[in-house]
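Both complexes shown next keep chain A, but they swap its partner, so chain B is in the first and chain C is in the second.
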Partner chain A sequence: MANLLFYLMATLATVCAIGVVVARSPVVSVVSLLGSFASLAIIYLLAGYQFLAAVQILVYGGAVMVLFLFTIMLLNLGDPAVIHGESEPLFHHSRRTLLGLGVAAAVGAAGLIAILRVAWSAMPQPAELPEGGLDPLDQLAASMFTHYSLAFEAASVLLLATAVGVLVLAKRNRRPTAEVFPRESQQPATPSSPPTSTPSAGAQGQEVAEEGVLS
Partner chain B sequence: MSVPTEYLLGLAAILFGIGIAGFLTRRNLIVVLMSIELMLNAANLSLVAGARMHSTQRLLDGAGPDLQGPVLAIFVIAVAAVEAAVGLALIIALYRRKQTVSLESVSELRD
Partner chain C sequence: MFLTGDIHAKSLGLLAPELVLVAVSLLILVLDLVWKERDSSRLGWISIGGLALTSFLLLLAFGRSGGPEHETAFALVTIDRFGIFFKLFTCAALAVVIFFVMQDRRERKSHIGEYYFLLLGAAIGIFFMVGTNNLLLLVLGLELLSLASYSLAGFHKAERRSAEAAMKYVIFGGLSAGVMVYGISLLYGLTGTLDLRVMAGVAQGEGVTRSLAQAITESPGAVAIAMVMILGGFSYKMSVAPFHFWAPDVYEGAPTPVTTFLAVGSKAAGFGALLRFLAVLFQDGGAAEAVRAYGLQVGSLLALLAAVTMTIGNLAAMRQESVKRMLAYSSVAHAGYLLVGVAAMTSEGFEAAMFYLVAYYLMNLGAFGVLLYFSGETGEETFDSLDGLGYKAPLISVAMVVFLISLTGLPPMIGFLGKWKLIQAAMDPALDGRLLWLVICLVLNSVVSLYYYLRVAKHLFLKQPAERSVRPAPALTGLLVVLAVLNVLLLAYARPLVEWTSASFDLILR
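Presenting the complex of A and B:
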């Protein structure tokens, strides 16, 4: 029964992953991605990793999905054929597409061949699950707060830095020139420049150079 | 579930290949980010498969289950959430500048 469910979920995860790649509308891609995440969570659950399945649903199915959907709705990025009345080709640059598909097939085939070449009969075969699953929460927490405490702290610092960085990136600049990074914050960072030289001319030259690059 | 380990790893390889295909072929930046999430999920699945195999041996020896795999998978999930947040903020900033999310529009560094 559990094996049958695994095969069902593996098929569903693969189909949904293909749907993410080939869907024309980003909203369909997001929903397919959600299906893939949910099937993987059920596979984790079947394999005995209950807490990991819960984290997968909470973080991926909840937070990351909301982020993606919110961005798509905020930027109004639905099906381009519906919104703009034009249907662009899904894959541009056929040579690059072929190259990408070839690389993907090569990596997938290399992984499958490497898996098939291992003598799996010598490995321990999965047996009955213990009572609390394979990731009992007390042992997991004890291990994470003692043995992996440095990685835990690094992850918390990473989350804080991300929160600050995302605020800086997504903050709307109120000046008419739609600059992501305000230029005032960069000018005091060069104290070595002589104060008598006109900084406005230098900034203008920089601006012209950047516009030349951007246009 | 008595599915052998190689089936889990094979599913992970297939999902990773699909993720690479989307990452290399699609031009929509949001779909590219989703393909990266797919690849991270495939990596998590292979971590789970390995941890399950080692846990089986350790349980036969009378020790507790192997915890390195699930701990690393949880850290990978945290980093994936961070990556999605930063990537989407970058996409919003790019959309504000250029009113598009196509990868074709950010090729200034190529020339």
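Presenting the complex of A and C:
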């Protein structure tokens, strides 16, 4: 029974993962991703990792997914064929597609070999799962806050640096760029040199579009 | 195992340099908020002060360490001279980079507190990367460095090239990190531990663990795949082919001080982590014979990568019209030279690579500093924009020639000694001349590199004197002249430096 459920969920996860890549509409893509996350959570549950399954649903299925959907809805990203009125094939170069498939197959085969050669031979007999699952919360917390406490702190620095980095990239400059590079703006722009200091027309258009969304 | 309070206090003491760095970076962030509308260069000086304090603590720790047994903080960070060497290197590189930020004429003068914070954050990442034998902390440090670098590369986001650089860097970085973590997960599955010393079989791990020697005999294919994937992750950080594609575009698009940091600090961090990984896994005296033999095979792979990397870097550098892009490809080529020492898989080879990094620091920081000055004056980075400027800014231009000769590896500059030591390590009699072809490749590549390095000097001095006048930059000129003098002086008095790098390589029992 558990085996059957595992194979079902593994198939579903793979199919959904492929769906994420090949779906034309971003919304369909995101919903497939959600399906993939959910089936993975059930696989974790079957393997005895109850906490991991719960976190998978809460963090990935909940928070991350809502963020994705909000972004897509707010930016009004639909099917490119509908928006631009043109239908292009998803994969242009058949040779590159083949190459990508080949690499993916090689990586997959590598993982499979690793599993078959090592895990299969040394696989312990399926034992009864302990009462609280394989990752009881207290043990996980103990390990995280004693043995790996420093790694935990390092992750906090990482998150802080990421937050600042995202702010740097996302915040709008209150002053025009010309003031940012005073030296360049003094010189008359010559046609031969590309005007690197002024935002291109495309960027300006994008900014207008963003403001339209936010207001 | 629960750590007691005493052990915690001791661990915190051992981590003092890291703690100071974190505290200074947080201070920068808060002061940037409090001092609104003020000149940001004060924050720069505070950062440099923090780096000086960190270096001082590191030097104290360097004096205390050196015994055969290394102390560990929180069972994750190993306090050994090797780690301290790279941490000092990072502090020294970052101090110059922050000085460059303050001297950058194309940079805003206020509201750039995040710039310093992100640079210090990247340094904290490097500290964790080079100071740990644990692959989990290694990956965390690598990610911290990478995430800070992405935002730094896109710091001039209004400029198209800078935004493009950040985007390309994120995609390549994410992919490479994924590849590396996949490889590490294979290794973890095979051995049951993330600690390199436990894998090597020289330390006792918790729970059920198997040594790498066992894993190699039982499933060589899986170990090979894991090794290739992990080396791929390191290659990306070091911009080694075939993971170098991001380097030219990112180096060109990022602000010049950030490019300097990526070319010197980030690259050295990649090498530091790689050297530790290889030395602890494959070279320890306590390691099994099968593991050492396996290490030699990894060395042959690295030798191949070294040859490909230096050739690609040099051939591409010849065809560039932008000095910054030329320096980017030159930095790819130098990653190839550095790998020659690593590929030897001997302690001498690793020491030679470390020495070359010091030389690389002196010559590359200088070259980027000169580029920073001229591009700040002309607003361009092409070879043609340098025409005749050698007569307008003679001191800085002569310094540039010194750096270029050093980069080529000709006497009387320290770059010559660096290359000489690499060749010496590769020609070690213990290797039976297996790397002779690589040495020939290195020499030929150096000859090729002479062409494009001297092209800069040609544009500076052999063209008509430029009509434009340049504004003097006394502080920057002073620093560059000091670097140029060090390039010459340290060849003449190289002995203390050589001895220091040898003493720093204490990862393994010989």
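Heads up, the rule we're going with is that the second predicted complex is superposed on the first by the 166 of 215 C-alpha atoms of A that agree within 3 Å, B and C clash if a C-alpha of one lies under 4 Å from a C-alpha of the other, contacts with A are read in each partner's own complex, and residues count from 1 in each chain.
In the analysis below, contacts are C-beta pairs under 8 Å (C-beta built on N, C-alpha and C of every residue); 3 or more make two chains touch, one makes a residue touch a chain.
Model, not experiment: these values are computed from the prediction.
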item	value
Touching partner for A:A141 - first (chain B), second (chain C), both, neither	neither
A:A151 touches, of chain B and chain C: first, second, both or neither?	both
First, second, both or neither for A:M73, with chain B first and chain C second	neither
More chain A residues in contact [chain B versus chain C]	B
First (chain B), second (chain C), both or neither touched by A:L169	both
Touched partner set for A:I18, first chain B, second chain C, both or neither	first
Chain B versus chain C as contact partner of A:L8, first or second or both or neither	neither
Shared chain A contacts, counted only where both chain B and chain C touch the same residue	107, 111, 118, 148, 151, 155, 158, 162, 165-166, 169, 180
Complex contact set, residues of chain A against chain B	2-3, 5-6, 10, 13-14, 17-18, 20-21, 23, 26, 29-30, 33, 36-37, 40, 43-44, 46-49, 51-52, 55-56, 59-60, 63-64, 67-68, 71-72, 74-75, 77, 90-92, 96-97, 99-101, 103-105, 107-109, 111-112, 115-116, 118, 120, 123-127, 129-130, 134-136, 139-140, 143-144, 148, 151, 155, 158-159, 162, 165-166, 169-170, 172, 178, 180, 213-214
Chain C - residues contacting chain A, complex	1-3, 11, 15, 22, 29, 73-77, 105-106, 108, 114, 117-118, 121-122, 124-125, 128, 134, 136-137, 140-141, 143-144, 147-148, 150-152, 154-155, 157-161, 166, 182, 186, 189-190, 215, 218-219, 221-222, 225-226, 376, 379-380
Chain B residues within the chain A interface of the complex	1-28, 30-31, 33-35, 37-38, 41, 44-45, 48-49, 51-53, 55-57, 59-60, 64-67, 70-71, 73-75, 77-82, 84-86, 88-93, 95-97, 101, 104, 108
Touching residues (chain side chain A, partner chain C) in the complex	107, 110-111, 113-114, 117-119, 142, 146-151, 154-155, 157-158, 160-162, 164-169, 173, 177, 180-181, 183-184, 187, 193, 196-197, 199-200, 203
